[in-house]
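Shared chain: chain A. Partners: chain B in the first complex, chain C in the second.
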Partner chain A sequence: MLPLMVPAIITGLIWALPGDPASLICPPSRCSGTQALAERWNLDAGPFQFFVGWLRDALALNFGRSWSAFQGMDVGNLLAEAIPVSLMLVGLASLWIFTGVFGAATGWIHRRLDPLLQTSGMIPVLVLALVGAAIVDLTYGFGSSGQEGQMARIIIGSAVLGLADGAFAGAVAGTRGLFSSESRQRYVGVAILRGERELANTLPNVTPALVGQLRARLLHLLSGAVVVEVMLKINGIGDLLWAGTLEQDFGLVLGTATLFAVGSALLLVLQAMCEVAVALHVRRSPGVQAA
Partner chain B sequence: MAWRRTILGLSGLAMGLLGTGATLNYFEEALPTTLNPLFAETMVDSRAQELVFDRLWYRDAITNELQSRVVKTHQVAEAGRAIKITLKEGITWHDGSSMTSKDLCFTVKSMLNRGTPSVVAAAYQEFVAGCETQGPSVALVRFRKVLPKPRERLGFHILPASQFSSTAISPDMEFSARPTGTGAYKGARTRREVIFDAQSNTHHSPSLMQLQLREGGDPLLQIRTLEGGEVQGIVVVPPGSRADLRASDEVTLKSYDLRSWWFIAVNTKNPALQDKRVRQALNLLIDRTELREYTIGVKPGDRNSPCEFISGPFVSVSPYYNRTIPTVPTANRAKADALLKAAGLTRIGGRWHLGEQPITLKIGMLANLNNEATDLLEQVGNQLGDAGFDRQTSKVSADEWSQEVVSGQSDFDLVIGKWSFGLVEAVGDLFHTNGRKNIFGYTDAGVDEFLNAYEDAVTDTEQKDAYHKLHARLADELPYLFLWKLDTKSAWRTEVRGNIITPYFYFTEIDSWKVVEN
Partner chain C sequence: MNRRTWLILALGCLGLLFSGAWMAPEHLSAMDLRLSLAGPDLVWPFGADVKGRPLREYALQGAEVVALPAITAGLVVALAGVFGGLLRCVGTESVDATIQGLGEVMGALPRMVVVLVVALVIPRDSRSLMPMALAWAVLAAPGAMDEAASVAERLGGSRFVEALRAHGYSATRIYLVHVVGFNLRPVVVRQGAETLMQVVFLEIALSYLALMEGRPSFTHPDSSRSWADLLQLGYKSLFPSLRYDSEHALWLGLSLLGLVGLMTVSIGRMARAR
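Let's look at the complex of A and B:
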């Protein structure tokens, strides 16, 4: 429902704003008359018709053209170019999260490092992103908007996203907390006395909570990606969303926000599938081999 | 004819290759919002579009004479209510098709079509009545009234009919991002840059193979990149950064005549500011000399100052500037206080009050002006604060400026801004009751009368008279507090040669630009 609700809410907001929607998109200083535009953009017959028309076109992967932020550019093409960039950014950033989870679960990241991680995690994403942007601009100069500059921006952006606002530190602390509370359970103590490994016993029971945590952290990365993309001028979906919102380019906003909603919905589905898989695994009561 | 065109094409190509086939990278103030000339909104738009399209007539950057690259002959017809235009033959669009009179008439009809929501076109709708083709190269453009100098008014860019399905043109068409023109370069916009690729034609033979436009961002970074040689030019250099560049052997500072002037627009609908005596008092409370020194760095008595005070809506070199109206370089607190008291304001505890209420002025400024005049907003606020007015200051983003401030939807009391003009300094949109850029919906019958007189004027003298009177009226009414004209400078590396900068449109003479190894 999420991918349907988001564009519906945005459509409602367009009509809730004061003034007619076409004039909001193309104000009088820019457009001499908006009646023709309202007809062209299907804004002349109310929110329901607009929403249905947009949905019909979107299902056919036709998102129209940008009205103001990137005038004349195909929104579908903009999204198609932005998706891999944002996926790469979030994907690379999530490596930090997975490393944190793995390191905390296996004890590879020692507890003594926790205060240091917590302190470094307090740096806001805005500050780190600004520093990152300055580094890229100073290093690449005119080429900082080119391909090499974009790649540098993505790599630095992923580090910013993975470390700032306690993303990495939170993954470590959260995972450690889950495992340590589970380790205090009686069955784990018995298993250890039987010579079984602690991780092999706790992992199946911790996994649903761990997957839930991971989903929340990935969503955190997705929302943080908007800030990082804007600050570091990364050609991703978040930057498109920001540009569309600033310019009141509702066609672009609808496309990008729906894409975010689809991403979030996919994560929910993925979480559910993981939980089902774990439940099936636990039901099969697999034997735990003695160490 | 075909062989002639082939030779011209080949020679153009050869010229391009001989001109080092160089790429020119340059920083602009921002990325263009559109490459469609009908929807040009900013100076960046106008400059970028000049590379892609030909205007019907333009003024030579050196001789100031009216010229055309596309018109072969012209003749005034129908007793001055029309002009018969014969286009040059052999000019092709970037897609290879020939430019004909059909394209010219298509452009005129597009501008006249109410389905084309273009502010640029709206200005032409006031005097252009229609267009009729009379053969492949001949078109008759009709006017609503007798135009004494029609060529001066016909400076629009010609659009290709084949690229549109109707004369109703919308800003969101693909043409806005990837236009087809007859200019020296074919432009394509991406998210972070605009690439212009050279296109040889019978009337253009560009030496530079490619131009790359990117947004400048931080001025210091722009200058370092220019000095490092990664980029060859910066279109607008803030005054504060000019000293560094002036000292460099590798960079030349060049004047860019923009005919732009700075102002503080006054909200005449605010009860405290309705009385013109209050506006006159504010005008006397602003110490322009001090502002200029603190924000631009011009000390009193500096020679070759880039900043010149004005008393009306024209730059001082303009024929429309009324030299009998004096500027107000320094503050006159005593006279201002007398005017405020005469207007019924009272001073209680050092603050000016209207009735029982202290007056708080909400002051806004277009944010990117801070690059040229650092801390101007704060300095203006401080001067008004010292004079006894409470104030709230905030910077306005470019989007907010175009969407709210210019369209009269902001809630500011004072707005600091800058307007730029070409050789046609028509200010009707700024001050006429029905003006499209009338920031606070200012209305005055006398001002409207002078603006109408300018529009209806047949001779240059009549136009000048109308605008001189308008200048005097505005200096008395003060819907704007006029500040100054600030020179605009570009910086180009010395290896860029032949870079003639055309007033306002900048790249009109781009064919002569080349890059040579030092």
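Let's look at the complex of A and C:
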């Protein structure tokens, strides 16, 4: 539903704006041929026609062409170049989240560190990204746009994304909260008395909530990636979305925002699959090994 | 620290933000190139920009840009939280389920993407942070409603209300005093304060990104300056080779961000449960 909803909303907004959509791309005061442009971009037959046409092309992986930011360039090609970069950035950043979850669940990250983590987690992504950009520029200087510089930007960007806005701190606090409330359940006390391990008992029961939290945190990383990519000059999807927004390039924004929505929908599907797997696992009632 | 100290701190920070917004000049002062990048010793209290204009005016205009939209967004989220909590107490399962479903869909949208889509359609001659702040609040509201609903659930939900009714309490007293005032308050106030901070940071991020591209910001007219301008001015001082003595702008920008962080923490702590 999400991947359909996002382009539908954007299409609605295009038509909700004052003036006809073709004049937005090519104002008659500045350029001629607005009518021809409207026909070319399928803008002359109303929002429904446009949306259905765009959707039909998108299902065939044809996202059309950029209207203004990268005028005439194929949005699909732009996305194809940007997707691996963004995936690498968000993938590396999610390692911080998984480390936080694992550290809190196993007790490797001590409770005493929580106040420190919470305070550091308040640092906004912009400030950490500024520091990151300064480190890259100071270290690589003019070479910062080269291959090595780009890799450094992605690694530093992932650290920024994983730590800023409470991403890591939230993962630790959220996981700890879940486990500590579950540990207070009567069955856990009984299991411990039987010589079973606490984690083995609580984990299956907290997993659905934990996966839900993880999805929200990964979504948060996707959202923050826009700021990090633009600040650190990483050529990812967030950077494309920002360029499209600045230039009022609806063609580009439609493609990139839909891709974000697809990512979000995939996370929802993954969450549902995890929940089903946990439910099946719990139903099997596996024996827990005594410690 | 006790709650009264946090309350004083919160009121102090809010007072600073609003008095700053109220005192903000419509336009920056005239240029005085002799005072270019002058420190706080020459241009009191924060120094001057590259054109010799006091950074105090940047700070005031930045406060004006964020104050009202951020507070409005915070209030929207707090009210949504109250609504979510009360709904759980009333025990209307079908409405509850519908709102939860809507919340799931809204919560699944990456916020920055939605904000940028909103920014995309704001006419360029009427730029303001308010639409984006409201969009952010609408996206944050399901989370707040969900958390408030869990608090109400732990309280006993509709059974808690029934119990108080049995004691002869009026509906106003039950819902406003016991449910909202005593139990939902810590959650909804904290959620509202966090949204307030997020909207301020969002404005700074959007303005900074636009500045990087040399473009006008989506969040304020060209005649105004945001706190992002301070960070951008100060950022250059991090590069010794540039010999750009604008550390005072960087410190001012970071201090203002710290002030917003302190305000959020103090609002949350002052409303915490006894």
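Things to note:
Just so we're on the same page, the second predicted complex is superposed on the first by the 285 of 291 C-alpha atoms of A that agree within 3 Å, B and C clash if a C-alpha of one lies under 4 Å from a C-alpha of the other, contacts with A are read in each partner's own complex, and residues count from 1 in each chain.
The definition used in the following text is that contacts are C-beta pairs under 8 Å (C-beta built on N, C-alpha and C of every residue); 3 or more make two chains touch, one makes a residue touch a chain.
What you see is a predicted model; the values in this text were computed from it and never measured.
Aligning the two structures on chain A places chain B and chain C in clashing positions. Contacts of A:L17 after superposition: chain C is touched, whereas chain B is not reached.
Once chain A of one complex is fitted onto chain A of the other, the partner contacts of A:L193 are absent, as it touches neither chain B nor chain C.
Within the superposed three-chain model, A:L246 lies in touch with chain B and with chain C [touch as defined at top].
More residues of chain A are touched by C (comparison of chain B with chain C). In the superposition on chain A, A:V230 contacts chain C only, with no contact to chain B.
When the two complexes are overlaid on their common chain A, residue A:L280 makes contact with neither chain B nor chain C.
By the document's definition of touching, both partners, chain B and chain C, reach A:D137. Contacts of A:L61 after superposition on the shared chain: neither chain B nor chain C is touched.
Once the two complexes are laid over each other on the shared chain, residue contacts for A:A257 go to chain C alone; chain B is not touched.
The intersection of chain A residues touching chain B with those touching chain C, taken from the two complexes, comprises 137-138, 246, 248.
Residue ranges of chain B in contact with chain A, taken from their complex: 25, 27, 33-36, 39, 41, 114-119, 121-122, 168, 170-178, 189, 191-193, 212, 214-215, 217-218, 221, 224-225, 228, 230-231, 397, 399, 402-404, 406-407, 409, 436-437. Of all residues in chain A, only 26-34, 36-37, 40-41, 64-68, 70-74, 78, 81, 137-138, 141-143, 145, 233, 235, 246-248 touch chain B in the complex they form. Contact residues of chain A toward chain C in the complex are 1-2, 5-6, 9-10, 13-14, 16-18, 122, 124-127, 130, 134, 137-138, 165, 216, 219, 222-224, 226-227, 230-231, 238, 241-242, 244-246, 248, 250, 253, 256-257, 260-261, 263-265, 267-268. Taken in their complex, chain C has these residues touching chain A: 105, 107-113, 116-117, 119-121, 123, 197, 201, 204-205, 208-210, 212-213, 215, 228, 231, 235, 238-239, 254, 257, 261, 264-265.
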